Structure formats: C-alpha cells, structure tokens
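Chains here go by letter, A, B, C and D, matching the order in which they are written, and residues are numbered from 1 within each.
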C-alpha cells in the first residue's frame, strides 16, 4: 500500500514537473535558447495568480488563463525587444543573457512582492479523497490534469494549426519559416510567449501546492532543464511523460534510498540516458 | 607577441604582487577572491573556451579541491601544501574518470550531464563521514592573508602561462580544431579523445588548487558551498564576458565583473543585484564576443562596432 | 557480381588501399553492400554513381568517420578498419568533406596550419613551421591572397580550395576528395583538374568522388561505379561508361 | 588593443583603493554588520537589519553609552551581503579595516556566522551575533565571538521534557530534518534527548536542503503511525510540509512540532487556518515579564517595532537587540574602547534584557531554554518551558475533524 501511495505521489508531482518543462522544451527546441529565467517566469505566473486570487477573489483555476495571457504578453515583448537582438550569436550568449534576466526578474520580484512567503490557498488546496486506501490530494491531481490538457493543446497547436507548422518549420530552418509568410521576429516572439505562458500556468499550480517567494525560480529551472532533456524537445506528451518518470523516480528514491538522494536520482538518470543514447546527443551537436 | 606588451604584462603582475604590501586589507581580501575567480574562469576557458565543451562539472573539481585540502588538513593534520596536492590529485582523477564517458556528449547535452555530476557529488559528500558529513569541516585559522593573496596570484600566473602555451602549441591547435569541428579534427589526425580528456584534466588541476586555497582561507567548508553550481555559472559568465578562447579575456572578464559586483554591493547596496543583471544583459547585446573582441573592434571601427554587433546577431 | 580483390594490372605492386566486402548498415538500411576494390599506388581512382549510391558513406568508412558493419580495410597491407579516425590520418589518409567543415573562427592560414601540425606523422611541430607550410599550400590552391581572412568570410569556391589545401597540408599518401568541384564554374573546374594532376604527379594516390564527368574523364586512371550501395562496374573510364548497367543506373535515375 | 585590456584590468584596483578612505568620528562608536537584505535569506535577514537600527536609535535617544567619563553615541555601518557568504566575509574585513568600525554584530544563519566570525577572530575584534546557533561556531576555541542563540543540539530539549507530562503520554516519534549543518546538529541532539527520555524513534529521515516535496516522507510517516513528529529545517520547507500533511491527510496521534516558522507572523499568515495546532519553539516571547533598560520591556519593544517596520518581531529580532545591548552594557563596564578589554567585559557581564537574562557561557554561547509554543486559533500561545504555561491543545485533531 505504501508503494502504491508513493507511486501516486510521484505521478501527481511529475505532472506538474512536466508542465514546468513544457515551456522550456518548446523554447529550447524552436529558438535554441536554454532559458535560465524559466523558473523566474514560473515564479511570476505564481504571483499573478496569487494577486488575482487574494485581491480580486478570482478562483486560482479560473485565474490561470489570465496569468497565461499576461505571461504570454510579457514573453512576447521580452523576445521581440531583447532576445531577438542576440538570437544568432553563440549558444553561450543566450545562456548568459537569460541568466542576467533571471537576476533582474528575481530582484524586481523582491522589490514588488517582498521576500515574504505566499501560498495560494483556495478552500480545496488541501483537500483529498481516499481511493482504495490511497490518499489522493486534489490540488496536485488538478495540476496533473491541467498538465496533460496543456500538453494536448500545445500538441494541437504545433501539429494542426498553420501557426504551429510555421513554428516547427522555424525550428528546422529559418528560411523555410519565411515561406509561411510569417515574420520570423514575430514568430520567435510568439513562441517565446507561449513558453512563458506555459511557465505561468505551472507557477499558479505550484503556488497552490507549494509556496511562492522571489527565490523559488532557480531550482525549478534546473528541474525543467533535466526533464526537457530526457523528454526530448519536440513532443509535448513526451515532455510531460518524462516529468512523470522523474516524479516517480524521485519519490521512490526518497523512500528507499533516502530523500537526500532524490536529486542524485533524477540527474543520475539523466546522465545515464545521455551516455547510453549518444546518437541523440550527437544530433544536437 | 610584441616585447612592449610583455613588459607591460610583467609590470602589471609586479604591481599586483605588491598589493599586500602597499594596499589595504580590503584590497587584499578583494584581490584573493578576484584572483581565484580569474583562475576559475581561466581554467574553464581551457575546456569551455578552447575545446568548446561547456562544462558545468568544474564546480565538482572545485569541490574536490576544497574537500581534498580540508580532509587532509582537518582529519589527518597534514600541512597545507600536501592538502593542495591531495585535492588536485582527487580532482584530476575525477576528470579522467568522468571525462571518458561524458566527453562523448556534445553541446548542451555535455553541459547538462556535467551539471548532473556536480549535483550528485554534492549529495555524496554530504553523506560521507570523513568529509564531516553535513556538519562541515573546520580548518585552523591563519592570519596570513598576504600569503593567500600571493598564492592566488602565483596560481593565476601559472594558469595564464599554461593557457598561453596552449594557445601557441600543437596541443592548443588540436583543441581549437575540436571546438570548430570534431569530425574534421579527427580526420585530420587529432586524437580527439585524448585531447579532450587532457583539457578537462588540466582544467581540473587549476580549478581544484583554487578550491584548496579558498578552503584554507575561509576556514570552514560544507557541501553546499563546496559544490555550489552557481559558482560554475559564474565561471562561464566571466569567461564569456571576457572572451572565450583568448588568453587574457577570461582574466579581464573576472576582474571587471568582480569589480562591478563588489563596487555595486558596497556603494548602492541592495540594488546591486539588479544592476549586475542589467550589466550582463547589456554586455551580451553590445559585445557578444566578449571584452577581448570589443577592444579590437572599437580600435578597428570605433563606436559603430557596438551597433554592428546587433545587426550581425539579431534576427 | 562483387568483384573480388584484384591486384594492380598496371604496376604489379601491392595496392595502397584494399577494401574487402565492406558493408555499412544504418538501422536495417544497407548503404554500402559488400564492396571490394583496390586502390593502387600513384593512381587516381574515381568513385561515381547516382545520388544516394553510398559514395560519401564509403569515403567515411575509409577515413574512419564511420565504423563498417562488416568487411576489412587494408592500408599498405595492414588492417585499418578497427583503427580510430585519427590513427588513419596519422598513417597518411587525408580527406575533404562534401559538406565543408572549415574552422570558421580561424583564418584561412590557421585552418591550413592546423592541418599541417597534424596529418601524417613527421610534419611540422611548431606553429611557425606549420604556418610556413600552410602559406605554401594556400598559394598552391590559389588562396594565398586570402590567407588572413577568417574562414567564415570566404565564399563557396574559396571554401572548396580551403578544404583541398587543408587535406594537402596533411602530406597524405592517400587523398580522398569528396566532390571538390561541386558548385564551381567551368574555368574553376579546369583549374582544380590541373591542381589534382599536379598532386598526383607529386606521388599522392587519389580517390575522387565526382559528379562532373568531364573531370572524371580527364583525371581518372580507373573508375568504380556504385549503385544502391553495390559496386556495379569498374575499369577505365571509357569501358565503364559504356557498361549497360551503368547507363541504366544513370538513365533510370534520370527517368525517375 | 591589448593595452586597453590591461588598463581595464588595473582599473578596479584603483577605484577600490580610492573607495577605502577611512573615517573616524570622535564621540561615536560604530558597530558594523553585514546581513542578508536581499537574496535567499532576506526574509529572515531583515529582522537583524531592522532590529540593529531600532536598538541603536533607542539607546542613542536615551543618552547613548557612557565609557569612563565620556559619552558616546552609537552608529551602525550596515552592508547587504545579498545572501552571498563570500561577499559577507569581504564585507566584514572592509568593516574592520576600511570603515574602522569599533565592534561587530553578526549576520543571520549558522553558515554565515561560521565564516564571518573567523574574520572577527583574525582581527581580534569582538563579534556578538544572534543569528547562528550551530555548536560548530563555538567549538573552535575563538576568544572574540559571542552568541545569543542557544545551542542547536538542545532545541528540542524542552519539547521532549513536555512530552513526559502529556496525557496520553506519546511513545513513538518521527524525526525529520534538513541536511544542512545546523539542522543535522539539531537532529543529532534530539536523538540523544529522545533516547534518554526513553522514547522510540520510528522514522528518522533527512531531506535535501531547498526541497519542496515531502510526499514520500509523509507517506512513510503515515504508514508508521507515530505519536509525534519532530521536524527541523527552514521556514519555506516547514510551510510545504504542513500543506502536504494536510493534502495527504497525515495525522500523528499526538502532535507535530517545528524548529522554525511557528513563531513567525509571516509564516502564520501564509498558512492561515492550516497553521493552527502546530507546535514550535522560541527563545523569546513579547511579554511584559522581560524588563529592559532601554525599551521598558519586551512587550513595549514589540509594539514599537511593529509600528516602525510594519511587521511583528520574533526571537531573531529580540536576539539582535540583545547583541546591541550587550555592547552598551559591556562598554560601560569595560571603561575603555580597547577591543581586548571590551571582549573581557562581554565575557563577564550579566544583565536583564528584553530578550532574556544575558550571560555568555565559557565558549561564548548563551544557554537559554526554548519555550514550547503552539498556534491556537491563529494566535501564538506559549505552552511550556519548565512547566506548563498554558494548556496545550492536545492531542491535535485530525485534519478532517477541524472546522
């Protein structure tokens, strides 16, 4: 029974991890930007939902789309105004500039929101129900469902809409993208905006399950990074699924090896996959 | 290299060397940290700048240097010098062992794999008894900041000379060939596996000694500070800021960024982080090839160099 | 159908390179299928065939960029198919890449100087000496006037010349040229043909992969034809071009 | 071009040397500190920054400090270390050598105190710090370092003492701690206290610092049905722990207690009603039973503090005030500004402050009992120190049975 409970915990946690990685994988795969400020986007999304809930009384789940829209606008502008200026320079430079953005956003968040801890706590945040002797918490379950929903929407967007085809073409080749008659600057901005919106959604859910402070971003960036690598950068479902793998692996490791090894397990898994599947690694070279 | 330039470099080094005699303790303090950062950036430059492998495992070598020295001194009461050697050997062995599998990966995948190793290493050290587990290790207090300063300077000089040699040698040309195109390098006769591993081992050597010096200087080590992956991020940033794959770029990058950070922290205090971030963002936009290229570019074409950079790399 | 090893009819000496039943599969797809042929000391052998015939794969197998799935490679009588790429280069096998691989951040001179530092054993050991060698090879390939430009500033034809100069700077015994004439105009092709003849005359054995038939006719001592990974004909140029299977391979390709 | 490079390299050194002009005022005694005003630890660091300021202003308003027959005003030189340990070390050197402060106050957190106190010892300038409790700080034989937080090893001593007097008496304990230096010390001491009290440890787990997920540990705890959970870590983690306890419906039969968070207003606010019933500990409560020479008493202090900074002080702030007051008292006793004399005076003093009765032990660390506290109906209630102060809500009701 304990084992079953642990696996359920891992699956639910993994869904949220997967959602966090979704935006990062999209941006990485299409724009070749490893966005070190991704965790900061998650944090910002969390604060948007927090304030919508506490000041306007909008239910956090209903506030998610609003947060996503705001984060989309934010991401769009950031890419259009700043990141497009350097997008063609070396990969390390995009790493550097997003690191700088992370520092700036974190600082501004402390200025604007203070260093106080916040939680998004609607009445159902701590609720749970029993199922075959397993306790299923409601909020992570919602996060899990929303993760798959958004993965599905992202998949539809990329594979069924003209905009998505243009985005995927851009990932292959910039010249091809022009054939779709879309201005690549806008297209890049839209893609980055979608990435930011997905981060924003996961931030709202994260605030419901965990807590918010200006500093929650960095470890989440690292987590999203790992999952994006394991899941590959091109299939949203694979990204969420690899979130589940990490979630389950960490939960099991926490129980059977010791909680201090949870990180070792996820990163160890990552190194193992990379070394055993060098073909994939070489393709990215 | 022009003789006048050599003389200038020697003069600057000599000036730096007399800082503990003529300068204030604050400058010595700042100097130790900056010189060590320059060593870390320069070491990263060997594997990241010359060879083109963006390592995030250098914080592992740093941590091993810290712990090698700390364990030797705190647990076995060995002298500092022996501790440094222990740390260096530990780090170089580690570079050799992890280098062989991990150096098969390229680009971002190499980066993330090495990041994984650094996280794993921190967890290992926080669980082993001889490393003091999580409680950390305490080293004897020494009132010899001058010595730490001169050691750091000496290490930096050695490191820069080593990189200078690399930049002029067959070995270095091989590393650059690997960075530019690994297949072409191999088909040209470069033993890529050996060269990459050598580069990582050299990088580990200098990084770990810097770690050892810092451990004794700060007198307290624990896993969180020894295997801090943000330290690795700073190595990358300083190198990229200064100019990766150049001999003096990383050193200048480390000096400038440390000075900016320090001055901001002491003058405007709490807004320092904000400005630090802004400086980095602006630097990437206007000088994406680092200070080394900025200096050349400004001389060549004046201020229009900055705008040309944007035109060149924007979408 | 697969010709077995033939000793050189021209000289009677042991061949410089022997490929024996060499095969390469990619996840079930056979790219090179039991190919055997010899390359004699001092000759120019042209490797031709329609697109996708496996020519570049074969070059990759010889240079070591890819490991073979089956078969043997001998260079000067010793097995090399298990040696890593760099060891083969040290023995004296140099190549150019069809998809050019210049060192973009370096000047043309340093590109070639790097090659001079490595390549076959016994070359330059200092950067100074390597640069002197490099200048010589840049002049030889007609790139001397652009020696100090960065490779990423060079255009297509100049990059082809750079590839060639890099390969030559390795002082090879065997030179593998993978479509060095693609994209050149008629005048440039004639220049390159002359250069290749001079290289051969200096004693270098050459395997040339080429689509430009005019060049093949004027250069090749022998021709080997690949189709769908299989060797379908070999011999001197005139004979091979009249071979019905070869005609079919090319015409069939054209019809499709 | 390369000349420019070298000039750039030399520039920071020049700027720094210009920046380090010393200044010394005749009738001012300057206390120096570097604390976390931004970055990861800013949330707790602010207690120190604010309390130092308030204490110094208040002492000055009451006439300052009399040393020998001369009156001095106190001044504060404060740096923000941005939650960067290495920067804090350099800032302490700067405080001593460039800013020429007279004495030092401490940063927040044990790992900072460990490194920064080495600077104090190196330059033989006294440091009184109220932010680091790890025994490691005092295990090095330093002469110039004093601390107003009691040893980490004894944090749970009073809680375990209380467990012996509860009805029904708990028997099985789950011990959960973070893996950093301070919390490992807490866990080590707690294990010994539990053993001598004859209690069983049914779960003993360590979690990684900055961890946000406790689902596995909680599921394990749930399956072992302990009577009590004793938890040691950082505030954000405590917050996550409680939220996940609720969502996974984990209910120890007796109670659950935390080393941090519970006495902090911000923590209670973030959790709302879910904070109720949680046990915690504090070395300090804002009562009028703690008289103070400058503030009147602890309750008055808390009022002034809240008015001035807009949030309630907790033991961090009180401990920081005690650090400043330590200097005020010992300077008067020492009758001299010489650091060694002041150091000896600090080692010998004994006085009542709004924080506690201050007397430093042989190694420099204060010995104080922790008061067990519980959040009852959104209010912080002291429950037990050497005997019950208020009735605890015990046993704690299950999550489902709360209204």
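Keep in mind that, in the parts below, a residue touches a chain if its C-beta (ideal position, glycine included) is under 8 Å from a C-beta of that chain, and two chains touch if they have at least 3 such contacts.
Since the model is a prediction, treat every value here as computed from it, not as a measurement.
Peer 1: Please report the smallest number of touch steps linking subunit C to subunit D.
Peer 2: 2
Peer 1: Any chance you could name the chains that touch subunit A and subunit C both?
Peer 2: B
Peer 1: If you take the mean of the Cα atoms for each chain, which one ends up farthest from subunit C?
Peer 2: D
Peer 1: Just to be sure I understand: the centre of a chain is the mean of its C-alpha atoms, right? Then which chain's centre is nearest the mean of all of them?
Peer 2: The most central chain, going by mean C-alpha position, is B.
Peer 1: On a C-alpha centroid basis, what's the spacing between subunit B and subunit D, in Å?
Peer 2: Whole-Å distance between the two chain centres: 35.
Peer 1: Express in whole angstrom the distance between the two chain centres, defined as the mean CA positions of subunit A and subunit B.
Peer 2: Chain centroid spacing, subunit A to subunit B, equals 31 Å.
Peer 1: From the mean C-alpha coordinate of subunit B to that of subunit C, what's the distance rounded to whole Å?
Peer 2: 42
Peer 1: Counting only residues that touch at least two other chains, what does the list for subunit A look like?
Peer 2: Correct list: 107, 258, 260, 263.
Peer 1: If a residue has to touch 2 or more other chains to count, which residues of subunit C qualify?
Peer 2: Expected reply: no residues.
Peer 1: If a residue has to touch 2 or more other chains to count, which residues of subunit D qualify?
Peer 2: 38-39, 179, 206, 208
Peer 1: Looking at which chains touch, is this a line, ring, star, complete or other?
Peer 2: Contact pattern: none of line, ring, star or complete.
Peer 1: Can you list every touching chain pair?
Peer 2: In this structure, the chains touch in these pairs: A-B, A-D, B-C, B-D.
Peer 1: Hey, which residues of subunit A end up touching subunit B in the complex?
Peer 2: 28, 34, 82, 84-93, 95-97, 99-104, 106-108, 184-185, 188, 218, 222, 225-226, 229, 258, 260-261, 263-264, 267-268, 270-271, 274-275, 278, 280-282, 284-285
Peer 1: Help me check something: in the complex, which residues belonging to subunit B touch subunit C?
Peer 2: Contact set of subunit B toward subunit C: 168-170, 173-174, 176-177, 179-181, 183-184, 186-193, 245.
Peer 1: Going by the contact rule set out above, which residues of subunit A touch subunit D in the complex?
Peer 2: On the subunit A side, the touching residues are 1-2, 5-6, 9-10, 12-13, 107, 110, 115-119, 121, 125-128, 130, 135, 137-140, 209-211, 213, 215-216, 219, 250-252, 254-255, 258-260, 262-263.
Peer 1: Using the touch definition from the top, list the residues of subunit B that touch subunit D in their complex.
Peer 2: Subunit B reaches subunit D through residues 5, 8-9, 12, 15-16, 19, 23-27, 29-31, 33-34, 123, 126, 133-136, 138, 141, 143, 218-220, 222, 224-225, 248, 251-252, 255-256, 258-260, 262-263, 265-267, 269-270, 272-273, 291-292, 295-296, 298-299.
Peer 1: Using the touch rule from the top, collect the residues of subunit C that touch subunit B in their complex.
Peer 2: For subunit C paired with subunit B, touching residues are 63-65, 84-86, 88-90, 94-95, 97, 101-106, 110, 113-115, 117-120, 125-127, 130, 166, 170.
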